[in-house]
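Alright, structures below, take your time with them.
Both complexes below contain subunit A, partnered by subunit B and then by subunit C.
Up next, the complex of A and B:
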């Protein structure tokens, strides 16, 4: 009789390749990034020396990073707020029965399927005062309308957030829609018999039943916003000044353009911690919600 | 038991195939490691020469392995319609088979990719084209091979623009690290139709320029246009500082302040639009073609204007830079071909570079890409007198103080930081004093 425990080594052998690959591609880079964050590594200046926590302290003195953190916060909060509100709204529309529903569900995903860099480049032109389609459209209703979207902090930030929503909102809505489709129509019919109108049905039936779905989706969508880089990179290059710079964009600039590897690593570690803390809170909130 | 046996066999096969897959990378990893070693040895000629023997062996080995290419070129010109003809010309003349990798068209992406290739000792690319910003950053890094003894030899060295070679592509050991692919000026361009309309016949002085700005601006049109995106505006700030006789690397200089006040005034008076702070060249040039701008500073020979049918003596053309101070000032630039220190194909690479530095190579580039030859003697021979650039380029060379752009080792960081505060200044978010103080701080920070 073979002892099952004595065969456990086989299981370890079987998962060893995955462990090795994971260790090499995930654990090692994370450890290396943490180590680098304690060094002053400036490749162009040939500097590579231990710096303790000075990279971390510099983050909070660096105006570029402070502006970046500020916009990253605004971007994540505003974008996620509208993702939830408009996403649920769009999902409700897509869940209605009307002619061409299937067609609409298909074409609504087109922006999401396009590469963010392409959308960013198109966005740069779309928001151009002279040649852009946004102002061209507005001018059809408000002749003489002039707005240089990408030169003022507020409007440039609004443009970036709007483009982000335009791209990713449909995907969020489609995923909410999948949750909506699990709600039995019997419940709505029963509520209708009891005198509930559409608004009440939404708040007392639909919303509670899709809430878990929404909260689950909020985790990856928020993390994607936190690591968002390509849209800003191709649309505004973080400008005007650093006003539309996102943290992932700043990390890329520090790491690959300025070659300040140590500083970039400290920023990356900070982002990693923020993401980890956010995910932990979100999971806890979900568990409480379930309870 | 049978099931278990089959499972173990299948798993072993899977593991074996995975490991075999990993092992396959060994052959390609070896040259890369060699490359890293060569790079850490520095760019000194003797080290490079010592590395060449090994490199040749490796090249021969790789040649016999795939037999495909003698060297790999990382180029910005591959999207040009004449590129295939140019490549055929180079391959025919050198006998080399060249593998071409297209560099990204976006400047940030391109710089990041090239930086990554060079800094990691990637031996897959032998020759790269780099601009002044990259030259300033990389020339003392040891990533680029010195070419004094092989390509930029004494007999031809003197024919290249001397100030440019010394300032931009010579490293701290006196080694020239690149072959300038062309000679370019940050030329002053005007729209003749607007000049005629404004009744301006000459623009020799600052007063003439201001008169033109006044006359040309209004009704959605501006006397001067630019691309003031934070990484592009550097050229124009430096150009105006130069014209006022200032020094871009000394912001205590009163002439710098004067230049900045002048730019600010242009915005205030509506001679130039503030919305161009979002513009790169691809936004600026269509506006110039559409007659929204009366003048601007721009590199190149006007290909974008030509494509729009706007290039010509009666439309958009180059003009002499107005004189704002004691002399006329102009910047020159180039993209240089450089040899990656980690290259395993140095012999072939040197052959390629020798051709690019020769009369035939420069002629081929001029004919294919409209690149004005960097060598003075070649330009004299190759460029026909009918080429409108020839006259103006020769006037620039003779009448202006020609300078390389002021760059610091941390080039892109410096350029971006200066662009950011410039945008704040022209948007009145910062005073002139604050701008100058900050600019001086940046000069000191990034000059380390």
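Up next, the complex of A and C:
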């Protein structure tokens, strides 16, 4: 460790490049977003005037945003529910000691490494009624099956969530796996001697030991769901109507397509506040959990 | 052990093995089949894509969609810009992140710790919050739609994860190694390059691999901060529709998708261990 005052300048020379670049892309834009949120800025009609909190009040009158918030909520809750259930399951499969393990661990990295837009574009075609992969597979079991997935609200939402799970579940499972690997096999041996079966050892040994890890992981995964953009952009463009539009997608559309900059800024500030409150609440909760 | 319980045990073992391979098959099918479907779609003649049921072994494989991409969509130029942007980002980004990580790990003062806290905290900031003002600023300083501009944004996006991982790694290298070197007369620069850097090689390789994937996945930045310069992830959503009325140029999308997928699959197969280590060390998203 180097604590000498005279050498501190070296530290600043070393960290200056990362600080400058990171500061340049975050500090000014955030301040500007907060300021913009109090202005009525509509580039298309050339409006730029102070508007107080009216942007914020308009949010709750905007049917598009209300639908968006509703789907964002559904998306986060449903997707996280399946992340936890299926993610733990997949982690257990990846942790099995057998010949196919290395192969499985390699292929689960493919969805993680694939750009979400590629998955979204493929998903758009996969859920096509006539020529898509999904209905084709279903028809092999249910001849004559017809379903226009992306045209109906419920099925379109289900399709978006399904693809989100396809991409991110393996990643979630790998992170749970890193906790699983630390559980010593001695504990299971001891439990076996005491007569515990596989189901019992899962609920009484594995689950309590990885619970903290799983809950901690839920924080970033929930935040990433809240800011999801690529998948919806490429797969449904928020449709039908606004039924699969996520909040980050809505903000981007207001900012870059409708050029309603002030309003978009207010939405962005709201999203940021929700994320900050959520993180703060979780940290409080995790601290209590630890005690 | 009696004969009876021996047979029972064998049946039990056999049962577990079967269950394992069934689960293996289910997971492998879910992941690989869609990927396989994208591949066969890309080598199926465009007309035959409008066929039901899907022919999973195309009768007339062709590379027509790929040659269309090269001749009419400028595929090679797009691959070129993607390689330039990611390449420079990895080289420059890694250098400044190694410097930063060393600074954060070895020098302790309130201000340095605060700076580190700032870098990590910026992970929380969603890009939509900063997007519009940053877009206007990039245009004002003439960095919009330029390689330097895009590269700065790409580097910025990899900084928090890279600095965090590398700093934690440097912190675990015993300072005594460096002290020994300085007793032998090594100066600061020699210590960094001859003592610390060689030990950091595996960590640097891991973050480079993960950053490569993250940069390839980056969509928001090239979509909104450039027009003329097109990388592969943006190009795939802007492919022209040839003669089909279904809104998805699936012939070209599948071919372009496969061009992005192929390096990813090779990468994942070769670097499985490093990627796993990196993900588990940092848990940071693609």
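Side notes on the structure shown:
Basically, the second predicted complex is superposed on the first by the 267 of 291 C-alpha atoms of A that agree within 3 Å, B and C clash if a C-alpha of one lies under 4 Å from a C-alpha of the other, contacts with A are read in each partner's own complex, and residues count from 1 in each chain.
Here, contacts are C-beta pairs under 8 Å (C-beta built on N, C-alpha and C of every residue); 3 or more make two chains touch, one makes a residue touch a chain.
Fair warning: this is a prediction, and the values are worked out from it, not measured in the lab.
In the superposition on chain A, contact of A:240 is made with subunit B only, not with subunit C.
Of the two partner chains placed by superposition, only subunit C is touched by A:93; subunit B is not. Residue contacts after overlaying the shared chain place A:53 against neither subunit B nor subunit C. When the two structures are aligned on the shared chain, A:128 is found in touch with subunit B and with subunit C. Within the superposed three-chain model, A:29 lies in touch with subunit C and out of touch with subunit B [touch as defined at top].
Judged by the touch definition given at the top, the superposed model places A:273 against neither subunit B nor subunit C. By the touch criterion defined above, A:256 reaches both subunit B and subunit C. Comparing subunit B with subunit C, the partner in contact with more residues of subunit A is C.
Using the contact criterion defined above for the overlaid structures, shared-chain residue A:45 touches subunit B, although it does not reach subunit C. When the shared chain is aligned, no partner comes close enough to touch A:190: not subunit B, not subunit C. Touching of subunit A by both subunit B and subunit C, each in its own complex, is seen for residues 10, 13-14, 17, 124, 128, 130-131, 233-234, 252, 256. Listing the residues of subunit B that touch subunit A in their complex gives 8, 11, 14-15, 18-19, 106, 108, 111-112, 115-116, 119, 137-138, 141, 229-231, 274-275, 277-278, 283, 286-287, 292, 409-410, 412-413, 416-417, 420-421, 423-424, 427, 448. On the side of subunit A, the complex with subunit B involves touching residues 10, 13-14, 16-17, 42-46, 64, 124, 128-131, 148, 150-152, 156, 233-234, 236-242, 252-253, 256-260.
Looking at the complex, you find that subunit A touches subunit C at residues 1-3, 7-8, 10-15, 17-19, 21-26, 28-30, 32-33, 36, 90, 93, 96, 98, 100, 102-118, 121-122, 124-126, 128, 130-131, 133, 136, 139-140, 166, 170-171, 174-175, 177-178, 217, 220, 223-224, 226-227, 229-230, 233-234, 248, 251-252, 255-256, 261, 264-265, 268-269, 271-272, 275-276, 279.
Subunit C meets subunit A in the complex at residues 17, 20-21, 23-24, 27-28, 30-32, 34-35, 37-38, 49-54, 96-97, 99-100, 102-104, 106-109, 112, 115-116, 118-119, 122, 124-135, 137, 152-153, 155-156, 159-160, 163, 175, 188, 213, 216-217, 219-220, 224, 233-234, 236-237, 246-248, 250, 253-254, 257, 260-261, 264-265, 267-269, 272, 275-276, 279-280, 283, 285-286.
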